[in-house]
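Lettered A, B, C and D in written order, each chain numbered from 1.
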Amino acid sequence: MDSYQVGVLGATGAVGQKFIRLLENHPWFTIKALGASKRSAGKKYKQAVHWIEKTELPSASANLKVKACAPEEFKGVDFVFSGLDSSVAGDIEKNFAEAGIPVISNAKNYRMHDQVPLLVPEVNPDHAELIKKQSFDPEGNGWIVTNPNCVSVPLSMSLKPLHDAFGIDSLIVTSMQSVSGAGYPGVSSMDIVANVVPYIGGEEPKVQTEATKVLGTLSDDTIAFNDFKIQATAVRVPTIEGHLLSASVKLKNAPSSIEEAEEAFTNWKNPIANLELLSSPKNPVRLYKEDRYPQPRLHADREGGMQTAVGRLREGTVMDLGYVTMAHNTIRGAAGGAILNAELLTAKGFIS
Amino acid sequence: MDSYQVGVLGATGAVGQKFIRLLENHPWFTIKALGASKRSAGKKYKQAVHWIEKTELPSASANLKVKACAPEEFKGVDFVFSGLDSSVAGDIEKNFAEAGIPVISNAKNYRMHDQVPLLVPEVNPDHAELIKKQSFDPEGNGWIVTNPNCVSVPLSMSLKPLHDAFGIDSLIVTSMQSVSGAGYPGVSSMDIVANVVPYIGGEEPKVQTEATKVLGTLSDDTIAFNDFKIQATAVRVPTIEGHLLSASVKLKNAPSSIEEAEEAFTNWKNPIANLELLSSPKNPVRLYKEDRYPQPRLHADREGGMQTAVGRLREGTVMDLGYVTMAHNTIRGAAGGAILNAELLTAKGFIS
Amino acid sequence: MDSYQVGVLGATGAVGQKFIRLLENHPWFTIKALGASKRSAGKKYKQAVHWIEKTELPSASANLKVKACAPEEFKGVDFVFSGLDSSVAGDIEKNFAEAGIPVISNAKNYRMHDQVPLLVPEVNPDHAELIKKQSFDPEGNGWIVTNPNCVSVPLSMSLKPLHDAFGIDSLIVTSMQSVSGAGYPGVSSMDIVANVVPYIGGEEPKVQTEATKVLGTLSDDTIAFNDFKIQATAVRVPTIEGHLLSASVKLKNAPSSIEEAEEAFTNWKNPIANLELLSSPKNPVRLYKEDRYPQPRLHADREGGMQTAVGRLREGTVMDLGYVTMAHNTIRGAAGGAILNAELLTAKGFIS
Amino acid sequence: MDSYQVGVLGATGAVGQKFIRLLENHPWFTIKALGASKRSAGKKYKQAVHWIEKTELPSASANLKVKACAPEEFKGVDFVFSGLDSSVAGDIEKNFAEAGIPVISNAKNYRMHDQVPLLVPEVNPDHAELIKKQSFDPEGNGWIVTNPNCVSVPLSMSLKPLHDAFGIDSLIVTSMQSVSGAGYPGVSSMDIVANVVPYIGGEEPKVQTEATKVLGTLSDDTIAFNDFKIQATAVRVPTIEGHLLSASVKLKNAPSSIEEAEEAFTNWKNPIANLELLSSPKNPVRLYKEDRYPQPRLHADREGGMQTAVGRLREGTVMDLGYVTMAHNTIRGAAGGAILNAELLTAKGFIS
């Protein structure tokens, strides 16, 4: 099988770099074009980027000439990944979709758009069908698909087994977020070394809404959001990668025992397991029984950074259950999640 | 006025060191005796202790000979502070009380004892009266008073204005706790550098109960616990001092606006302000309006480490309010809190 | 005595904030004017600044209107402190000096100027005389005095006792520098959490030269630099305040024992002790005998952040001695050092 | 080819865990027996160990029953790896060697023994011949081979190209060492979060001697130590893995340019490249040209944690050269180094 030719928008940013690292030897997707701001356009990628990954800058990308983020510069690609900053993603992604180029985006701009799927393949793969109703490109070639923000991904994934088993009434969540979530240079070391900052601008509204769309129902060409309520507090902690969430959940039909709640996780079936997507973990939602697990530094990289960890599942005194959940914020919660979306969409025939 | 002669039990531990530092120039209390384990007894304090405070080991204590923690070794002291580990505090504190020596303790052992006040002077100063009912020492000279654990202190203090104004129905709290809370050597650096550990053994049951006693009502010689419910998650973060709590609260009578909730804090009156206790902050519960405040590293030392900070007060989507609160865990939440208890009890005439 | 009226240039930056904090209750110096960039000029200071100090923004400064950094805006001040960034300090400081306003600067621009003292009061107080030869202001009212960079300060102070006793031939130093040395936002948390970065742009040339001027000799209206050589490596470590230096020193006349080297420190006399300057520590260079000391987090604040700590003094295998030294980089090594310079200069009558 | 059957002594410690992780799928070596203290003996490994690795506890080892560290318990193994603590390694390793079981040890006890090679395969592979002269086991089956400590490994590897090209006269080194170097629980978080501790007990004597044995010459059945002198300062910094060294070196024949020094590294040939040992990196000593590299958190894992990084190579002002070097302390500097030693010794036929 020939691989797809792909572009990466926002290639010099932290998420863009993660795309380039994760796609280095991807058998289905080959990077053909890199887009960044005007300041970078025209330079070789290795000269434009301040590379911050642990692994070597892949040589194939190193020597690509960076392009401006305009559709006419990306002719010949089958689709683009977008790691664009939200300050510019709105117009650029629309331009690409209108020009007939599919956009698989990590930016927040179109997540709540009523024609755009907010896709987590193991949770709501059927939402991909919404693509067919998009009007960006009347010919239907160009469209936008998004993944949720880095907190909403582990939240959606950890809620899905509970939702299927018991129904979700409401939840309270405190997310302890790593510094990589703010990009590079992002959080000043003066703010966060040996400290916790109890605020992340713009984060809580996303956490309070996105999971209700992900766990919503597609019918009549629209997504009916799920009716549970989320109350969120987002804080920054001095970790590098991996957002850890402390969640308390009220269920519609509470389990009769904690064992029953555990079984909701251990018996849950990954609905896309049969597709054998390359980036989908064998065990998408892993339940840890050890009290001290999961931990961002130890477990964020498990299964290529694509696994969502759940731990400390226990009965609550106010709400039915308490648990913690954690996922790699720049892989599962950003670039890796977008790549998995692309894998799903190619497997389902949305990309030709 | 002559100062009181005091002893410190558990003097070589982390909390014991904090007692010694905070009492260095205390005008009311003079350290006369230091007690520690048999391994240390007989040595000069400066040889027995692995001093970890930023300030110099006070010279007056440095040359005291460490004693065993037995009442007969502490004759002549007016009372003792206890920074003992809970594994030994039960018997030792009882021995002192029975021998007629008041014990002002930071240990958890007698916090839930029905004759022992769990005292936070700005919150429940009247609970001190319970001392009169204690039966440890039939002659009434010896007794035990405790302060809550390092999370329950800011929790109680931040709940008090809300309780007085609106009544508390229930709350969900995630406490992000600094490494000093585990003593020395305590948390391994291998566990916590650039990491979060989602479990602190034995912590959550304390957080879920202590504040309901602190905010309880003394009548008929017993304390009726408050009827609100607390659901707690305790996690360790790589901060040095200051526990930060993310709280969501359901009230009995919700305020009609966030301004009304703010006023509950700003209008709240410290009931012991008139006593002018040395360690009591001018503003015991400070409300920050800046989103990014309070932060442990910046604000834990405010007002000598005795102030409780509240911030991010906002309307909730599931419960009525959300807020964060923070206090210095080894000062306000431990040694400093116990010293303030002693100041209250001397001012009220419990110690002669 | 009336206090001096002072201005602070670069008032919104990290060093500027430290000036404002340290001068809050200074009995000799009263802040009358604050200068910053055009972006801030015209705003109240509390609106222009992103305050990062642990203590409260002093109310006297909070409501001052920020001025542009032009001499005509600072009429009536007796002198100015400069915490300006080196990118703009060159012209601005010259403008002030030429306009007759003394500048006591922390910027690097004029440190090597042959008419400008590079002053550390306990080390080379006589260099202040060089002021009289400055030609910035023909009338002699305006001049510039600088303090060394944050590494060169503890280096100079720790070398002085050795220099006086044995003479310095050469030294090798590795400086482990805290993140506050880079200002705010300064070092990205992505670069430094749980990491060491082995390079600080522009730092090593300063470390390799400044101490030789500080320890130089003033004669015939010029400073003859000391003839020892310094080889420096500057690395960034995840500490907040306090630069720790590992030094190996070859002496001109080696001591016959380590005790003799220790005595060089313990017998050394502070030449300005008689002036009783407010910011000068009782013990400017403290020798720690405990192997594990000094440590930035524990000891940088000793004596108001103005003490230089020395430890691990020991015989070397290649050079005569090895030792570590540490000082608070933004107090002793920046704002506090400049304030001490101002105290010396007022005591000596240079400022009227 | 059948694989060798191996044992691991000290299996529950930090180094022992690293052995188990690194050997999980090793094609030449199969773990057959695990030894630990009496407290652990008799338990299944998964019950005896507090697993701290990021990866899953390998299932093959998880269910092995832990044995006491006595040779009679390890019958049938071809050799043992020792990750024993030095407090017990002396006797135990001797017992194994005397019983005819080769010991490939990471402990310090026999490193300076005149019959024991201190082996770094890319530096002194010929020293392995010294095994033939060992007298532990008169029949010659049992012997001991050691690897240097975690600082001496990158030091030896980075000095080797310079030694071959220019000869080493003397050097000054400051090692900034990660917390994993102290094992688990090791360094208290109270000591090291946002701090630097300028002392590591017992470390400097090792750093000052081991590299002179590694770079020594084997002749007449003994190793003549190299004659260069090392002056070392060992400090602890809050990094997890990777020790970074700042080195200043005086050479016997200084290069005429920095390019010539660079070529010493880039032209250096790995003497064991032809053996194609599994754990030997393609590029054992990598020279980084970027000023900000190498960094522990970014680069310690390169080439499986077996590569030594060199950077900031530059002319010195006191000694000829300055550079920094870094290697993964628990892989290249401990378990991985020992495994590479075992690979060399099997390839050379020392193990049958």
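To be clear about the criterion, a residue touches a chain if its C-beta (ideal position, glycine included) is under 8 Å from a C-beta of that chain, and two chains touch if they have at least 3 such contacts.
This structure is a prediction, so every number in the text was calculated from the model and none was measured.
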Shared touch partners for chain A + chain D come out as B, C
Chain A to chain C, fewest steps along touching chains: 1
Count the C-beta contact pairs for C-D and for B-D, then tell me which is higher. C-D
Once you find the CA centre of chain C and the CA centre of chain D, what distance in Å lies between them? 42
For chain B and chain C, what's the span in angstrom between their mean Cα positions? 40
For chain B versus chain D, what separation do you get between their C-alpha means, in angstrom? 47
Taking each residue of chain C in turn, which ones touch at least two of the other chains? 52, 191, 193-194, 238-240, 297-298
Sites on chain D touched by chain A in the complex: 52-54, 193-194, 240, 297-299, 301-302
Touching residues (chain side chain D, partner chain C) in the complex: 170-172, 174, 176, 191, 193-199, 201, 208, 229-231, 233, 235, 237-240, 244, 246, 248, 291-298, 311-312, 316-319, 322, 324
Would you mind writing out the residues of chain C in touch with chain A in their complex? 14, 52, 179-180, 184-194, 238-240
